Structure formats: structure tokens, C-alpha cells
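Chain lettering (A, B, C and D) follows the sequence in which the chains are written, and residue indices restart at 1 in each chain.
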Amino acid sequence: MKDYIFELPMKVRSYECDFESIVNNAVYQNYLEHTRHEFLIAHGLDVVELHRQGIDTVVARINIAFKSSLHDNEEFLSKLNVKKEGLKYVFYQDIYRKKDEKLIIKATVDIVCIINGKLGNSDIIDNLFAEYLQ
Amino acid sequence: MKDYIFELPMKVRSYECDFESIVNNAVYQNYLEHTRHEFLIAHGLDVVELHRQGIDTVVARINIAFKSSLHDNEEFLSKLNVKKEGLKYVFYQDIYRKKDEKLIIKATVDIVCIINGKLGNSDIIDNLFAEYLQ
Amino acid sequence: MKDYIFELPMKVRSYECDFESIVNNAVYQNYLEHTRHEFLIAHGLDVVELHRQGIDTVVARINIAFKSSLHDNEEFLSKLNVKKEGLKYVFYQDIYRKKDEKLIIKATVDIVCIINGKLGNSDIIDNLFAEYLQ
Amino acid sequence: MKDYIFELPMKVRSYECDFESIVNNAVYQNYLEHTRHEFLIAHGLDVVELHRQGIDTVVARINIAFKSSLHDNEEFLSKLNVKKEGLKYVFYQDIYRKKDEKLIIKATVDIVCIINGKLGNSDIIDNLFAEYLQ
């Protein structure tokens, strides 16, 4: 696998933490989603705008291995890479604590395009990611 | 002020709690919103459907006094009443712990109607609430 | 695989929905967590209390296949079963829309016990689940 | 009232938006809380650490006027000032959209100190904020 192609620096907010002062598991899915959206925006894609055009990018499957925990106020790096497998875009998304580069979660997220209600293939997206999808 | 006109039984979910095992303050706003929506649904109003008709019910102001805390798993009652003041619907929304009827929060929420982008008055809503708005 | 051993009826709240009026993906992880906690409580286990005894039940991996979407106000059933594999408790957690029994998500969640900071085996939990873990 | 004494640049994340693609009302309370915590951290105060010392800073009342809406991806500035009234710290917290400096919300948040379970006065906090509390 190639190096990561996108990296977003973020920081834990206290309201994201649970009774053990560590980030609640479900919040990582928010971090992953936000990272993908920032990646798309950096490539000129607006998910809401695509939706208006009848193209929805939909999460078909998510697999997260929780390796360690982030605590309140900690800074972290949310990194991603993407490959295409058939109609699926497979996002490899890993989160590392910033100060010691410790791996926090390791995730794969399968995204598919639903075009006017049917599973399909979006040339708009393929063209934008062309350099990464070879 | 009259008695409450609507009451929704709810229960704290663990992911809604913070590092002290008490419900995070912002979550109460979710509880209040959910209670209003259930109240509207009980009267045949669907906020998403109204939105499609160009009528948006918008929160203009919220005032919450936090009197005590709810803990993980605790059952509570979310109660409301409503009055009309000019164009505003003022919702009085209080939350009580179920087991001892302790007052947890005391809130007022001002709702206004935005009709096709402008502050307005909705007969649909007034008619549905007629019995409460005298 | 045996039938489900626990089932929790729930209902979508409007603040859990995104710009398409469907439940945000990360919210399903909250639903799954809440269901496991209700299952544990129904068996007399309190996760916060276990934490105070030095026993933490920790999610090691989560795998969710998103099959269909829940919409605002829809009622659903969150069902689970559990098996033990080595030190792991594997929770099979599926969510069905109530009205048509449509499968919404299919998930497996691996839980491990961390006892005083180390991966371990909890007799307290094994005994409580004895009937399901054979 | 003096100028703002603290300002935090933030950006809307898509999972914070509701079916109208605007930030859900309850999320603003998260923004306000995160801003106060960053302000406290900038002054060397850690809320979780204070909690361990028996000092809890508790929200007693929140009053938010919603003036306009933030949309997905918009950048905003979360600003605050603080005054002391009796035992209360009153935080004046306003949020402005970055691109046009439009006022989005105007809030006051009353914070009190609970010291070993009782309403009290914390010299630690007063000393740190001394320059602002005259």
C-alpha cells in the first residue's frame, strides 16, 4: 500500500469523551467522516451538492480496529488513502496521536455511489481521484 | 400557568454521559427537541413535511436552568406546555427524574415560523394547538 | 447461529438524522452501544460499576454493514446475540425496521476485558452469560 | 462591556448538520463548551484535573439567542468574555461566521463552582482570571 494521500490535524473536544475521559467509540466514526469530507472538498467535491445532482456517496461497510484511546484535548492526525475495487471506493483511514505517533484506530470504509437511487459508477468522482485510483 | 399538556418518558443512554457519568449539558437540548417533535407528531405535524411546504419552525431563543443532574440509565419525564406571545410560540419544558420527581432542568424555548424565508404566522400550527393557545 | 437473545425496541430521533433525513452512520454505533448496555443491565451488570472495580469492557473491533437506512421517527428493533472466541466476546448485533422487518445494519462487535490495565478474562461476566456462551 | 478576551476559530463538520444542512441547535452548546475549555486550557486550567481536586465548574444556566444559521463547512469564530457576579462567572459567548462577520448566536452561560459538593468560591480560578474579573 502507498503512503497516505491526505492528512487532517484534529484535536479531541471534551464533550466527545465518556466517563473514562477517553473519546467515545462512535465519535471516531465522526472523525473519519469529517476527514473524508475534507478530502473531498480539497479535491473540489461537495457531498451536499452531489446529492442535489442525484449522486449520493454512501457508506456500505465500516471496519474499525480500536488499538488505543485518545484522551481529552489530545491532538491527532487523521490520515487516509483510497483504492477502487469494482464499484467500491475503499478508504483506508488511520488515526494517530500526534505527540508519539501511536496508532489509535485502523479503519477501512467502503463507499459506493448511488445514482438516482441505483448503485452506479460516477465519472465525476473517478476523474477527480484518477491519480490515486490506478 | 396550566398543567403540562404533554409528557414523554425517556431514559439516559450511557453515550450521552460525560467524564463525571452525568448527562452532558448539550444533550438536554436534544431531549427538549425530541420532546417537542413527539408533541408535534402527536398532533399530526411532521417538521420535515412542513419544511417541504416552505414552513420552518425555528428556535429563536433557548433558556435552560440546570437544577440537578441525570445519571447513566436514569429514567426521566420530559414535560411541556406552550403559550403564544405575538408571533412566538413559547414552550415551557421541564425535565424531572422519574424515581423521586426531582426537577433536573427548567427551560423556555421560543419558536418562530419562517414561511418562505420570512417571519410569519402559520394557521396550520395555530389551529392544531388552538385548545392550548387561548 | 442461534436466535437473538436480546431485543430492544427504539425509535429514531430527529436530531440523529443528517441532511438527507436519514440516520447518520455514526449514530448506529450509539444504538449498538446502548443495546449492549441494556443487555448487560438486564443481566445485572453495570459498566460504570465494573470500571470502578478495575474491569473495563472495551470495544476492540467493530464491523458494520449498512444495508438500508432508517428515517426520522421510524421505529426499529435492535437485536443481539453473543459468542465467546478465546478471550473475546463477539456480539452479533442487527437492526431491523419495525414496520416491515427490513434489515438496516448487520454488525459484529468484539469486546475484550481489560482488568487492571491488562487483557484478561472476567469470571463475573462469563458466569452471567454462561447460558449463552457454551 | 469590554472587547472579547478569547477567540477560537472553528469550522462546521458535516455530521453536525441536520436535514436542512444547517448546524443542529444543540451543537452550538458543544461549540460554546469547547470554547470555554480551550479558554481555560489557555490559562492553565484543566477541568478534568480540577474535578479530581474536588472542584467542579458547573453550568447553572444557559441562554442562547439564535440569530442566523451556520452551514456545512463554514468557518466561524467563537468569542468570549467573562465577568463575575457574586459567586457566578458569567461567560458572554458569541459566534460569528468568518467570511462576513455575521452574528450567528449570542449566548450567556452562568458557571458556578461546586467544591466538594457545595456551592463555593475557587481562588484558583479567581486568581487565573484576575485581570478579567475586576
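Here is the rule we use: contacts are C-beta pairs under 8 Å (C-beta built on N, C-alpha and C of every residue); 3 or more make two chains touch, one makes a residue touch a chain.
Everything numeric in this text was worked out from a predicted model, so none of it was measured.
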{"item": "Pair sharing more residue contacts (C-beta pairs) when B-C is set against A-B", "value": "B-C"}
{"item": "Chain separated most widely from chain C, comparing mean CA positions", "value": "D"}
{"item": "Centroid spacing, where centroids are CA-atom means, of chain A and chain C in whole angstrom", "value": "23"}
{"item": "Whole-Å gap separating chain A and chain B, where each centre is the average of the chain's CA atoms", "value": "34"}
{"item": "Separation of mean Cα positions, chain C and chain B [Å, integer]", "value": "29"}
{"item": "Chain D residues counted as touching two or more neighbouring chains", "value": "14-15, 19-21, 26, 30, 33, 48, 72"}
{"item": "Residues on chain A engaged by chain B in the complex (per definition of touch)", "value": "14-15, 17-21, 24, 26, 72"}
{"item": "Complex contacts: residues of chain C adjacent to chain B", "value": "13-15, 21, 30, 33-34, 37, 41, 46-48, 72-73"}
{"item": "Touching residues on chain A, where the partner in the complex is chain C", "value": "19-20, 25-27, 29-30, 33, 48, 51, 56, 58-66"}
